[in-house]
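To start, the structure itself, in structure tokens.
Chain nomenclature is as follows: A, B and C, assigned in order of appearance, with residue numbering initiated at 1 for each chain independently.
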Amino acid sequence: MQAPLVLDPDRLFPVDPATRTVARELYESVRTLPIISPHGHVDPRMLLDDPAFPNPSELFIRYDHYVTRVLHAAGVDLTALGVPTRDGSETAAVSPRTVWRTFCEHWPHYAGTASGYWLQDTLVSQFGISVEPSAESADTIYDAIQRRLDDPDFRPRALLDRFRIDFLATTDDPLDDLAAHRSLAADPSLRTRVAPTFRPDPYIDPNNPGFANAVQRIAEWGGFAADDFGSYRDALADRRRYFVEHGAVSADHGVLQPFTEDLPPAEAEALFRRVVAGTADAEERTRFAAVMLFEMARMSVEDGLVMTVHPGVVRNHHAPTFDRFGPDMGHDVPTATRYVEPLRPLLDRFGTNPEFHLVLFTVDETTFSREIAPLAGFYPSVYIGAPWWFLDAPDAVQRFRAAVTETAGFYRGSGFIDDTRAFLSIPARHDMSRRIDAAYLARLVGEGRVSRSLAERIIRDLVATVPKQVFKL
Amino acid sequence: MQAPLVLDPDRLFPVDPATRTVARELYESVRTLPIISPHGHVDPRMLLDDPAFPNPSELFIRYDHYVTRVLHAAGVDLTALGVPTRDGSETAAVSPRTVWRTFCEHWPHYAGTASGYWLQDTLVSQFGISVEPSAESADTIYDAIQRRLDDPDFRPRALLDRFRIDFLATTDDPLDDLAAHRSLAADPSLRTRVAPTFRPDPYIDPNNPGFANAVQRIAEWGGFAADDFGSYRDALADRRRYFVEHGAVSADHGVLQPFTEDLPPAEAEALFRRVVAGTADAEERTRFAAVMLFEMARMSVEDGLVMTVHPGVVRNHHAPTFDRFGPDMGHDVPTATRYVEPLRPLLDRFGTNPEFHLVLFTVDETTFSREIAPLAGFYPSVYIGAPWWFLDAPDAVQRFRAAVTETAGFYRGSGFIDDTRAFLSIPARHDMSRRIDAAYLARLVGEGRVSRSLAERIIRDLVATVPKQVFKL
Amino acid sequence: MQAPLVLDPDRLFPVDPATRTVARELYESVRTLPIISPHGHVDPRMLLDDPAFPNPSELFIRYDHYVTRVLHAAGVDLTALGVPTRDGSETAAVSPRTVWRTFCEHWPHYAGTASGYWLQDTLVSQFGISVEPSAESADTIYDAIQRRLDDPDFRPRALLDRFRIDFLATTDDPLDDLAAHRSLAADPSLRTRVAPTFRPDPYIDPNNPGFANAVQRIAEWGGFAADDFGSYRDALADRRRYFVEHGAVSADHGVLQPFTEDLPPAEAEALFRRVVAGTADAEERTRFAAVMLFEMARMSVEDGLVMTVHPGVVRNHHAPTFDRFGPDMGHDVPTATRYVEPLRPLLDRFGTNPEFHLVLFTVDETTFSREIAPLAGFYPSVYIGAPWWFLDAPDAVQRFRAAVTETAGFYRGSGFIDDTRAFLSIPARHDMSRRIDAAYLARLVGEGRVSRSLAERIIRDLVATVPKQVFKL
């Protein structure tokens, strides 16, 4: 007999019955509130073209490196999951159904993981699946999902409505023409506000493999010499304004360490020339990235874009996999990250500027209690980014709440950020966040630390008020 | 209707009913034991002069950077809280009542925080407040507190008795004449033993902004040339003895990293001359601080003062706020701290000396299980400092217990340290500690790891025996 | 009246009654499964000669630095525990019974510790002790244990059977002739498979105090010049093959930081000559260790030995104690450890090689969620070492599970590793691990995150399947 797949209505709540009751009631009070998603990786074109999702494997597996990495760690080659090699030479003729079977056979490997959580939620709540994935059930589940996907009611736009998403930010290249966003904004039938996000990493960090190319492209776009620092900086400011005009609310920055430096313009200019000429050494390249991160903060004060920083990830750790498949293949790995010293120049200048909002994310959870919460507990500009990437899972979020709240309270966080490529997982992720917040608050109520009425106010604020304030919505 | 403010008699106990019962009974067995406070920041003059506290805002807000930082992070300028600027130019004419209203309006921002916890406890248990602070209730609460403050029974000395404080250490400059302590010691009506603490930071760390001035002052006091290392060292030893004669039991040291070095006297002397002359570079300055921390340990072995070390805090992170308001304004921020390698020279020399007691505090909680507990689990001189500053809150203390006990047991800790400037918060803080210890022990009893009778012995020792042994009382 | 010593049959299970029931049932399903112990420090000669354990103090205290360190921290000199000094000059004429009394008097110091846990388990379950150790009960307990030790049924071989140990790995010097292992393998009455483990630390790390001597010894063994890199490397490969022929399944490496480097042979050769000649500086010595760790991985791919790495321990922190007593005296202390960058060269080359198994241990628990789990969540070769040394205790293991599972699931761990010198503690340690896994899984079941049937499958796999797969049994 096949094991049933069910969704416990009380999932993620504390096991103690009295505390669970409080958690359930707190959760119920926010369960159906609209979703605000200020940072993520949904393709705006998908919302514009509204295509049907082709099949379960394309939908859930092939493009999601959180899902493929689990199978890869279990010994499955990425080509066996339909992931194409860069040069196309090794692409296995693997059918979506075969990929799905491989996935279902490895279902126990997802138990307890972040991906396993939302996959189970989504399979049950979106697709009505009621048997646990396994070698035996794989085909049945595949067919059941495929039937739904063929239903016009399962296209992206219909889901966007059904998911009650009020605000959805995408992530975009600074030179993107934002045509898709313009079209979406012009469409009166779209009830969700879809906004672009300015993500300039390759344009400002010489350690980024795309730096030379990005600087060349923006110089061509602006019609100036590639090593003209003033024009380069003006062009970035121009592009930011263009994003603002198209509804952007934030600029996002992925860096290895959040170094910042306020360098006199003449020195910055000389440094830029060396960097563009390729004569800068490693230290100078890192220094230029620090100068530009400072510059981005200055521009944020001017144009109002919320500055979000996602540091601490060593990208493409396994060179052979990068060479074979390209980026985003599941071997980006966290590293110890620092905030207090690296951000000091930036915060000295802009930390108490009321126009400035800075959201600090981390994948190094030691920094929650040691650095990020103490900074956010003083600087009105600093917000604690919701647990991200490896930390976006129930226990990690509980640790996050316990680590930051005692220092910074409930009102210095960013609100929940799903940061997802998996469009279908958005409701499950926001639901998880609401359940964990309810669980955490219920414990504080049970321990006599927060009154029941205050807990009700706080959970509502966490879902409905805080993200709007932080992201200036 | 206004929300009630209540104190749950079972606050901080585990939510599981059976475990809660054990916790409650363990707590009851130590609830009324006298308070021993071996490290804090109460002004001895306050206990001598015994003035009435002027008003709720002066009492709770203006002088407590733990409280003001929450409001500052919420966007309230420090001048709006009555904090004067250094030069007096910007002091807002803000009334205490207005400050109090601002505080009450932001009450939800304190929910779940360390300050929120003791504020609630103190408002209810000391002042009988029964409505939650808010814009509506602010004036009523203000008036109710003010009435109590006007009562002679609410002066510091009366409270000292009511709080059952047996021992209270202050923190003092090495050149303090300790006149207040002398008068207090001579007062037979004072039942509390009030002791000074030798705190030489600016005298021994050239990275401290007050170093040059402090060395100058001690040279003048001793009548020797400011760059005479031998006399400088002897003067510090003299002042320590003076403190011992006035009842001091410990010397406290705030350093960025606890580096220590045993440098031959001739080299130390040469280094001191460069430091005093201002020709030492950053590395030499840090090295001199390491030499002096080692020297302080040597003196501790000689004069018996317990050595306490509070490292890992980047002081005055936001330069503009420091320039405007001076130190202790809520922007001291933790940084990653190391103990194992930096303290090795010191422990090599004094680590097994039975005269030597070394209490290691941290604001980097990763060091509890990785460094401090393993050191305290071998060296008889090393004691684990109670969770401090940002970590002095219920969940953090629970994490601390779980992090250190499995390696070092219950008998290698310092006992609870309140380290507070907020005199009125002392009972709530010690009560919190007793509740958390009861909660932790109750869990171990529930999990069959510690017998009930042993748990009763341990909690009593933690409150009544351990601090006396560690601080040689 | 003396306090009773009891073993709660539900020890380590969650206190919530419903969750506890699930934990108990999961635990029962694996309670009696055979023990697989792929890494530890039992002496194979003890299993060959099968001597009686002489007395309680020799059995439990004198040779176990986890036990002596607690007493040392409490102020007891190691000589008072019967530990001989290196030169024999200070050995106190302390009787085993006196040592035992000292231990029993300090019983509360073990409360809540890892050692306290297994001591209590072992005293009750192996020796039938029913009173808590104390000054009063010391002699009675001593005599009761002694009576059991005199029973032939309490010799090592009888215990090995009774403990149901299917596989037991020892830790051995590369030049060990493995005669004891050969004899054990030839003994048809031994039902346990006892395997040696190749542990080459002093042969490959010039920072190891035994390096010069070890290189000399292997050169003599192989009959080549001590600075002949090719022969040195070949000799190590030879010895590994010898271990494989004698049943070894893994090679174990203790390093300060797991640096790895793939250096061209000519450069490695030149570096080796400088290292052997003693002219290499600190950086070069560390670099050579990195080269050899890489080399060990290459050999593991060739000969199939599982590579286990135990980094991050500063050995012999207190020089005077090392000088007096030698190594393994309880003052090895963890230090912050990194994996992501140091292991990159090694993983670039061998990380996806299906022949390669790499088990990463840590005593820096910050690396569980930040480095080790993310690496094991992608690289099929990387397995997460069970919590080790200071982290091998109930709360630490719970933190470990919570830290790694959400990223890497349940199938990327090493399975439980007891790593013990205390032969009698093996059942208590494996039992602890099974209880904690049951407790963790029961919580996930209670929170609706893992189905009951999946939890049953997982706990069985953790005990019976995973260790065999990881260690190629």
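A few points about this structure:
The working rule: contacts are C-beta pairs under 8 Å (C-beta built on N, C-alpha and C of every residue); 3 or more make two chains touch, one makes a residue touch a chain.
The structure displayed is predicted, hence computed values, not measured ones.
Copies chain A and chain C of the same chain sequence form an interface built mainly from non-equivalent positions, shared numbers / all numbers used being under half. The rotation that brings the Cα trace of chain A onto that of chain B spans 120°, given to the nearest 5. Chain centres here are Cα means. That of chain A falls 39 Å from that of chain C. Shown for chain A are the residues in touch with two or more other chains, namely 16, 366. Interface residues of chain C facing chain B in the complex, by the touch rule stated above, are 3-8, 10-13, 15-17, 69-70, 72-75, 108-114, 116-117, 132, 314, 317-321, 330-331, 333-336, 363-366, 390-391, 393-396, 399. Listing the residues of chain B that touch chain C in their complex gives 14, 16, 18-19, 338, 340-341, 344, 347-348, 351-352, 354, 366, 369-371, 373-380, 382, 402-403, 405-412, 443-444, 446-451, 453-454, 457-458, 461.
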